[in-house]
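The structure under discussion appears below in the form of structure tokens.
Which chain is which? They are A, B and C, in the order written, and residues in each are numbered from 1.
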Amino acid sequence: MSAPPPPVLEVRDLRYGDRVAGVSFKVGVGETLVLLGRSGSGKTTTLKLINRLLEPTGGEVLVAGARAAGLDPTRLRRRIGYVIQEVGLFPHFTVAENVGLVPRLERWAPDRIAARVRELLALVGLDPDVYGHRHPHELSGGQRQRVGVARALAADPPVLLLDEPFGALDPITRVELQREFQALEGRLGKARVFVTHDVREGLLLGTRLGLLDAGRLVFLGTPDEFRRSALPEVRKFMEAA
Amino acid sequence: MTLFDFYARNSRELLLLLGQHLYLVALSTGVALAIGLPVGVLLTRRPAWRGPVLGLANVFQTVPSLALFGLLIPLFGIGAWTAITALVVYALLPIVRNTYTGIAGVDPAVREAGRGMGMTDGELLRLVELPLAARVILAGVRVATVVSVGIATIAAAVGAGGLGVYIFRGVATVNDTLILAGAVPAALLALAADGLLGLAERKLVWRP
Amino acid sequence: MAAVTGARLLAVTALLTACGERDRIVVGAKNFTESDLLAELVAQQIERRAGLRVERRLHLGGTFVCHAAIVAGQIDVYVEYTGTAFTAVLKHPPVADRDSVYRAVAAEYAARYGLVWGRPLGFNNTFAIVVRRADAERYGLRRVADLARVAPRWRAGFGYEFLERADGFAGLARVYGLRFAAPPTAMDLGLTYRALADGKVDVIAGNSTDGTIEALDLVALEDDRRYFPPYEAAPVVRRAVVERHPAVRAALDELAGRISDAEMRRLNALADVTHRDIAEIAREWLAAHLP
């Protein structure tokens, strides 16, 4: 077994009032940590503590070795891709403009932005010539989330946070996107934290799983370990699967 | 004499008064926008201020226009500045309120995605919130402008000129032609402003 | 039973109201202080001497509004000025002789409108072309003709009536050759003194009996070319009222010749400068002069 890759993202004893009560984990390059838990278990909160949409009341977040608390939040967030369930595409921007947002904020040259947009749209399975100039309301739910992922990847951030990204999609589209995401994982080389309450999705997509219960990480391990675990909270989840 | 005869004989004066009227309305609406837009944005950042600020603007709205002119004369003297100040005060409420509503009505997911991707508050405002709120804000400007055209007719009482001059002259001399000479263009001006801004609303700004 | 009582009540009320109608006099006034004051004097005088109920409609509007109102019977009395009636209402070119003007308006008002002119109250309130004292001294302005020198650099401000009247601005400018830099600023008459004092305009047309001229350190220029006709103040009454209530005529005649220019100015100052209540000023004056 090879040595674990150096952690791109490290979270130490992270706290947020009593919603997140001391969570610690590390995520390396190419790894996907799935945060699993019931509603209200603190998984979305934990995610938002990482990119400082919420400010931790205790503990630390380190991104590529640097303390997140010491960075300007805006600079931090531009180095972290963020995908949410509602997608949140800007309705008045075209697909291309949506994807190219962070590069534009970072003042990349226009041709570099255009090339990157094409590359990413192709990556998520949308023909840039067909979809590039369309507006979000012209797309299906699945297509919109593909754009959402492309947008999050645009500035090539080392860390990707995904908050139940496929939760609002119909089951067929959801499976489609899960498979494509899984295929992408190897190619992307990023550290991903993926929040979901769907245990099957978690087992499929995670290199490791973390189970949150009332703000505490009660399990952290591989999918196999999860399946074999005797912890009552884990068993409850497995039964529901 | 008919209205048309009157205009034919006094075309220069009509144009002068029309110009004065437009000046009063345009300048006051511009100033109200310059003040009201930032205030509206501020209210979305500080929700606690919303009650008092909107409440205050509301109170201004209820002061009868002639009374407000009268109250401002000691401060700004007789002439255009009193009128412009009063017109700004009346234009503030629709503009502030619509700016607030327009921005507050932006989809929270869009705002969260924007922040999460690392947009500064200024970038969010400039690239997302204002463009998405533009239609509602423009509707507020439209209301403010139409109201201003009407109230500006009273400006003539304090020596600020405008189409109200004809109206006051007509009232003083019981001359219906004169009264209409002022009232009709004022009404048409209000309609035109409403129409033009409505067109701008439809054509220029993003619609869902 | 109730229906019969109701009907009787209605009949009695109608009768009383009708009586009240006939015994009630409505006194009107133009929209400036002096007119309100004179209306109040007339009203109280009618109340105490003729014993009739009087309703006041003060600050009604300008000359033309009051004229239209009395012709329509909406008011019964108001104080008018002979020159105003002569030039603005009857639209004659101005004449300088006091008595011919009075006789002319009395005759024509009776013939055309069924209105009776009472006897003049004793003062002449002509238009006063007013400037700031500092300007009068700096530019040596004593007569209206002197204005022609400074007019091209000056702003004029007038009330709406003066701008519209035949004996108003247009005629004045023509007779005195006044050419101002821009058309005069029009505003509510009451604001013109303030505009002058604040420097927003340089010349206005006030009334020669205004109380504010001295108070604001202003100067009235002499009408050396006799452009303005005489403006003697006198009450104008509907003939029907005079015929039904001769006591009203007697009451009004008692006021004839009692108020000089200086006296009117004093009363105006009490109202405009000292800000005393108009009804009180009228009551005091009547108690003092016609006990």
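Throughout what follows, a contact is a pair of C-beta atoms (placed from the backbone, for glycine too) under 8 Å apart; a residue touches a chain by one contact, two chains touch by 3 or more.
Keep in mind that what you see is a predicted model, and the values were worked out from it rather than measured.
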Smallest count of steps, each to a touching chain, taking subunit A to subunit C: 2
Centre-most chain, if every chain is reduced to its averaged C-alpha atoms: B
Of all other chains, the one whose Cα centre sits farthest from subunit B: A
Centroid spacing, where centroids are CA-atom means, of subunit A and subunit C in whole angstrom: 85
Whole-Å gap between the CA centroids of subunit A and subunit B: 47
Chain centre separation in whole Å, for subunit C relative to subunit B (CA means): 39
Subunit B - residues contacting subunit A, complex: 107, 109-120, 123, 127-128, 131-132, 206, 208
Subunit B - residues contacting subunit C, complex: 13, 16, 73, 77-79, 156-159, 161, 165, 168-169, 171-175
Contact set on subunit A toward subunit B in their complex: 51, 53, 74-82, 84, 86-92, 101-102, 105, 137, 148, 151-152, 161
Subunit C residues within the subunit B interface of the complex: 61-62, 64-65, 67-68, 157, 159-161, 163-165, 183, 185-188, 191, 194-195, 198, 200-201
